[in-house]
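After this come two complexes, each holding chain A, first together with chain B and then together with chain C.
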Partner chain A sequence: MLEIYGQAFATVLLPQNLIAMVLGALWGLLAGALPGISTSMGVVLILSFTYTLAPMTALVLLVGAYLGGITGGGITSILFGIPGEPSSVPTVIEGHALAKQGKAAAAMWTYLLCSIFGGLFSVLFMIVATPLIADFALRFGPAEYFALTILGLSVVSGLSGGSMLKGFLSCFFGLFLATIGTDGITGEERFTFGTVTLLGGVNFVVAMVGLLAVSEIMMEAEEPFKEYKGMVEYRGLLEELPRFSLFRKYWLTMIRSPIIGTIVGALPGAGATIAAFLAYGEAARTAKHEPAKFGKGAIEGLMAAECANNASTGGSMTILLSLGIPGSNTTAMLVAAFMIHGMQPGPLLLSQRPDIVYGIFTAMIVINLLLLAITGTAIRLFLQLNRLPYSVFSAAILILCVVGAFGINNSVDDMMLMFVFSLIGYFMRKFGVPVAPCILALVLGDLAELSLRRALLLSGGSPLGLVSSPISAVLLLGALVSIVYPLIKKPKMLASS
Partner chain B sequence: MNRTLCFALAGLLAFALGGGPCAGNVAAADYPERAIEVVVPFGAGGGSDTAARAVVEGMKPLLKHGVVVTNMPGGGATKGMLHVSQQPADGYTVLAVTTSHLIDAVKPKTRAHILNDFDPLCRIQWDTSGVIVSGDSKFKTLEELIDYGKKNPKMLKFAGTSPGGWSEIQTVAFFKTAGVQVTFVPFDSGAEIKAAILGGHIHGAVEELAETLPLIQAGKLRALCVIMDKRHPALPDVPSSVECGLNYTHGLMRAWAVKKGTPPERQKFLLEVIRKALENPTYVKYIKENHLDVRPGYLGPQETRKYWEEEIAFFAEVLKDLGYVK
Partner chain C sequence: MKTKGEVVFFAVCVAFFGFMGAQAVALMGEGRAGEIGSALWPLIALCAALGLSAVLLFQAVRRPAAAAVGGEASEPDARDEARRRRKAVVASTACFFLYLVAISFLGFILATLFFIPAFAFALGERRTKVLVAAPLILTTVMTAVFIKFLTIPFPKGVGVFAAFSRLFY
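Our next item is the complex of A and B:
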């Protein structure tokens, strides 16, 4: 075993592969940081350059872009409040709030260390337990997916800030948004008003850029000529690095989030975004230290989300390499890369090309370390941006948002939709309705509805099918407890609204 | 006001007005004078996208100004088709057509019609599907599966992707030919379907073979039959649908088309370039590795149109049965 990994390291560290990994990671970070270029799009854009490369070099380049993309989403999220990737929305909510409190440097370092920790954790988890993760992931059928999404939605109470009523209002609005588009079971068009833009549903990135980033700019614009609140002096590496005690304090989150991330990442219907939200939700639900801080800059939420979305890469790769099933959009692109080079990812790959499989395992370790070095070096540079006056800064963010919304499908309609959502977000903020539950519901709503209806089709319409497996029963019970418990504990919350 | 400046501006204006159309006329003579855009109406990385990109790789050396792929996913495959139908018919925008466009042509709500609004260039691929169940399924042969299905109407649950689309049509139509009523459960992607079959959550799927082959060869999945007139070279032990006594050989097709009214000489030029690209060694290797060469895919423009008409007639019948069209 050690010998195999020794060889794999030797291959991966060949100069051409090392260069490929660095370039891939840099490109991925850029794609991840820009809201208009998703990680999967980033991988596709360089896919055509890999035709002429050696298979190993091509794959480590693309894996580099994949891991870089997931990591890069956090940068713009914390600094600008724009989610570079859907999976970094919780990072926007908590990380950007921290940045506005002048803790941008600490937030950046925590995000980076947690990202890399999550990534490495999942690679090691995957090396040790590939068959275990794959088997467990396969036990998720429609009923289990449904239970998982309900557990995710039940977190609303933890994200609602003061008023649970407003939290649920926001959540149900998100669920409504999720019903727009082509019905996944009957193919019927719902709430599309005959337009083509809405046939595919409300684009998730469009909605969250509008709701989160642009609405915030509108809020801030009400106070003219002020300096950016997040402006900080960067003190020195040693002062800025989070203390070890921080991680010890939140040890449960640090262990639980990568496990959630790895498993959810291995589910073909879920992925990094749902992983991040679930881990974030779990952290909010069980927060011992400062539960009230969630939504207003809780470092624990940031840690959970970043651990989990990076850990999803390991889960996704596990199911890809062991069964040939892509666990996410981006790994689906990697299937194409394998095929270009005459390989089929699947159960036979390990016996046919062990060099490739072990090579990818080791490359993922190396890439995570490279990402730590690259992003770590750049943090100081990124923080310089915070010195701009907010009037200049916000204009730049607005441009990024507009280009991002337009860039997803090169669609002006999407751009318009983004502005509609920014108005909605603005009024939600004005009336104290939290935005996070709405986005959570938009992320989970589609999967929740479809898996419920699939489960009912499979059970012949009997709702007992939803709780017949131990996994779904346990998950649903957890959801029930987390909805009911706060009602019993603090009945005042409902009254206060 | 400075008189000289005025004159200079007027001169410049006259030059711009006069020179503009002039330059245009000269360049219009030789087509193509800029890059050709291939619109793939699906997201990047999927089957249609990979296929289109493989052809485009072969076209690149033949076109001086290049060729680019644009992914335009959304609304099934409607958005991309609509886009191409709204571009000028000048041969600079090509649509990667798939079977879903033929199905759209049957539906009353269709926004652009593949037969009326487009001219086919050629069919490039004709894929093969198989009836797939889990490796540890109780069904060992197609006969057993059909027997069970006949005795238990609607109890046989099969997964697919597009409700009212190709996936549902091929699943339902195949089983209808065998006299079985099946329950179709739509999922979002091929990956989810495979996971659901492997996990024992659903009986099986009627799916294109290329993607499932590695799992079949590893024994995780089992093919009960391949849907064509002969056996599949990669699965010599699996009977074909015709062998099993079922007169059903439909398969997913991929073709290229331009907007109707594109000048014939430009269509001819494009067809020539595509034909050469299909002989490019990279493309030949790609279709071999993905088993897309199992049955001949290429059809010329007239044959493609005829084939489309026949398929559309068939789809109309199936969709009527399913209640999607009245």
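Our next item is the complex of A and C:
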């Protein structure tokens, strides 16, 4: 085992991979820190850079952006009170309150150290859990795969936001989009209307760029961006670095929050936002030292939220690598990256490409340490970046979207298809239909359909074949619980947080 | 509160999923025992989407109208603001669409050079320095990274524009 990790470290620390991790982490930090660019959007935007890269280099670049994005969300949250990411909302509540009390730099360092601690904690969980889950998943046949994709799709209830009906509408639209093109079993053309562009199906990168990134810019155009010019005093590293006694004082929060984050992150669809809220809520509920400070600048609340949202990354990556289920928007983009490089994340990946899996484990450790170094030295730079005119900044993002869409097949048609998806995404957002379930369904739809059809062929057309094995029955039951549980619990949890 | 746009949106959804559902029915055919053919899966998705769209349309139609309840939409300032926002979205979207069309005719470099100030202007940017400097800097960076470094074969344009693009790639 040690030999495998030794080789993985040697691969990850190759100059090209190290550069990719630094660039990915930097870009992720930017994307997470700047309002208007989410982590998933940040990952989509650099996906086009990875087409020509070696698989390992491409993946560490994207994982760097993912971890950087989750970490970067705290920067603008604390300094300007704007959550760069939805998972940073508790950070805004406590961190920005601390900033207004003149403790911005101390809050920044606390957030950073807790984020990295949460991230590293979850990587250790991932190292232990992924091989175990993957071994188990090797017993999967078509029925189990179908049940697994349904479990993946069941996270729609968690991604739906306000309206479950709209979330499911978006999901079924995504499932329909996944059927466009040539049928993988019969070779029949479906919904192509004679166009060559659609024969190969709807490319999910094109759809993602349009639905997520371009439509977000269109929404921003509706509500003009505010320019934040407030400067925050910075007295230097030694003055601002939190003392060890602070972490000792809140030791229970430091242990409990990453555990919550990792477990919630591993649940498909739950993600960093719910993890952060849960850990924050738990810290507020059990606070012994200064419970009255919660909501007015409690450092314990900040620590809990940041430990948990970063720890969710390891949980999400565990189910992505071991089962192939994208637990969040961003990990769905990572599925796309795997597929672009001819790999399918899931049970077989560990046996077919252990170099990639162990490489990602070790890369996540290195990236977390890089994030500590980069963010620690670049806090002042981030302050300056929020002074850029948003009008020009958004134009640059759109150009990156065009590059991303064109670069897949070097096709102008793909750019136009992206534009169509951006309009669809804009109107979906405008009328409260979430786009995330659509993307999730587009990614999982093809596998779900093929698995269902193969399972039914094997069982001679009997639907009972889908629940004949204990694994598929349990997974389908899990899907049912996953749909029903948020309906009961989510409103209560958010209200208490 | 009901908005006209919401009703139209869900009505379009009903029409779209209904039309695609009819297309899916045409895909149905006989298969071997247990074989479910090309049509079943899209039919399930489309029927569910059609049903949900119809429910959401029904809900939108039954909701009380926005102006009648809040009365805010009738205020001149709010209407002006809403109109200004719509204009910004339409103008910026039109700029982006024209950019996508223009790439084929003008080539990537020239189209990008014109797109950036036009888009920034549509979003309300009026500072001359920004409108002049940003396109030059951004186009140079994009050309260097994507054309020179990553060698993505962007369209060169036609005629004299193609000749211009060939100076760079």
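The rule is simple: the second predicted complex is superposed on the first by the 275 of 497 C-alpha atoms of A that agree within 3 Å, B and C clash if a C-alpha of one lies under 4 Å from a C-alpha of the other, contacts with A are read in each partner's own complex, and residues count from 1 in each chain.
By our rule, contacts are C-beta pairs under 8 Å (C-beta built on N, C-alpha and C of every residue); 3 or more make two chains touch, one makes a residue touch a chain.
Remember, it's a predicted structure, so these values are computed and weren't measured experimentally.
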Check your understanding: Where does A:A336 make contact in the superposed view: on chain B (first), on chain C (second), on both, or on neither?
Key -> first
Check your understanding: In the superposed arrangement, does A:D183 touch chain B (first), chain C (second), both or neither?
Key -> both
Point to revise | First (chain B), second (chain C), both or neither touched by A:F168 | key: second
Exercise for review: Look at A:P326 in the shared chain and tell me whether it touches chain B only, chain C only, both, or neither; answer first, second, both or neither.
Suggested key: first
Review point. So, does A:I259 touch the first partner chain B, the second partner chain C, both, or neither?
Key: neither
Review point. With the two structures laid over each other on chain A, which partner does A:A107 touch: chain B (first), chain C (second), both, or neither?
Key: neither
Exercise for review: Tell me which partner A:M126 touches in the superposition: chain B (first), chain C (second), both or neither.
Suggested key: neither
Check your understanding: Thinking of the overlay built on chain A, is A:L370 touched by chain B (first), by chain C (second), by both, or by neither?
Key -> neither
Check your understanding: Who does A:A396 touch here: chain B (first), chain C (second), both, or neither?
Key -> second
Study note, to complete from the structure: On chain A, the footprints of chain B and chain C overlap at residues 183, 185-186, 410, 457-458, 460
**Study point:** Complex contacts: residues of chain A adjacent to chain B
**Key:** 40-41, 43-44, 47-48, 51, 137-142, 182-187, 189, 196-197, 199-200, 267-269, 319, 323-327, 329, 332-333, 335-336, 339-340, 342, 344-349, 409-410, 450, 454, 457-458, 460
Review point. Which chain B residues qualify as touching chain A in the complex?
Key: 43-46, 49-50, 53, 57, 70-76, 78-79, 82, 109, 111, 155, 157, 162-165, 183, 185-189, 191-192, 194-196, 198-202, 213-215, 217-218, 220, 282, 285-286, 289-290, 324
Review point. In the complex formed with chain A, which residues of chain C make contact?
Key: 5-6, 9-10, 13, 17, 20, 23-24, 27, 32-38, 41-42, 44-46, 48-49, 52-53, 55-56, 85-86, 88-89, 92-93, 96-97, 99-100, 103-104, 112, 115-116, 119-125, 127, 130, 134, 138, 142, 146, 150, 152-155
Exercise for review: Would you tell me which residues of chain A are touching chain C in their complex?
Suggested key: 49, 52, 165-166, 168-169, 172-173, 175-176, 179, 183, 185-186, 188, 190-191, 214, 217-218, 221-224, 389-392, 394-396, 398-399, 402-403, 406-407, 410, 412, 415-416, 419, 422-423, 426-427, 430-431, 445, 448-449, 452-453, 456-462
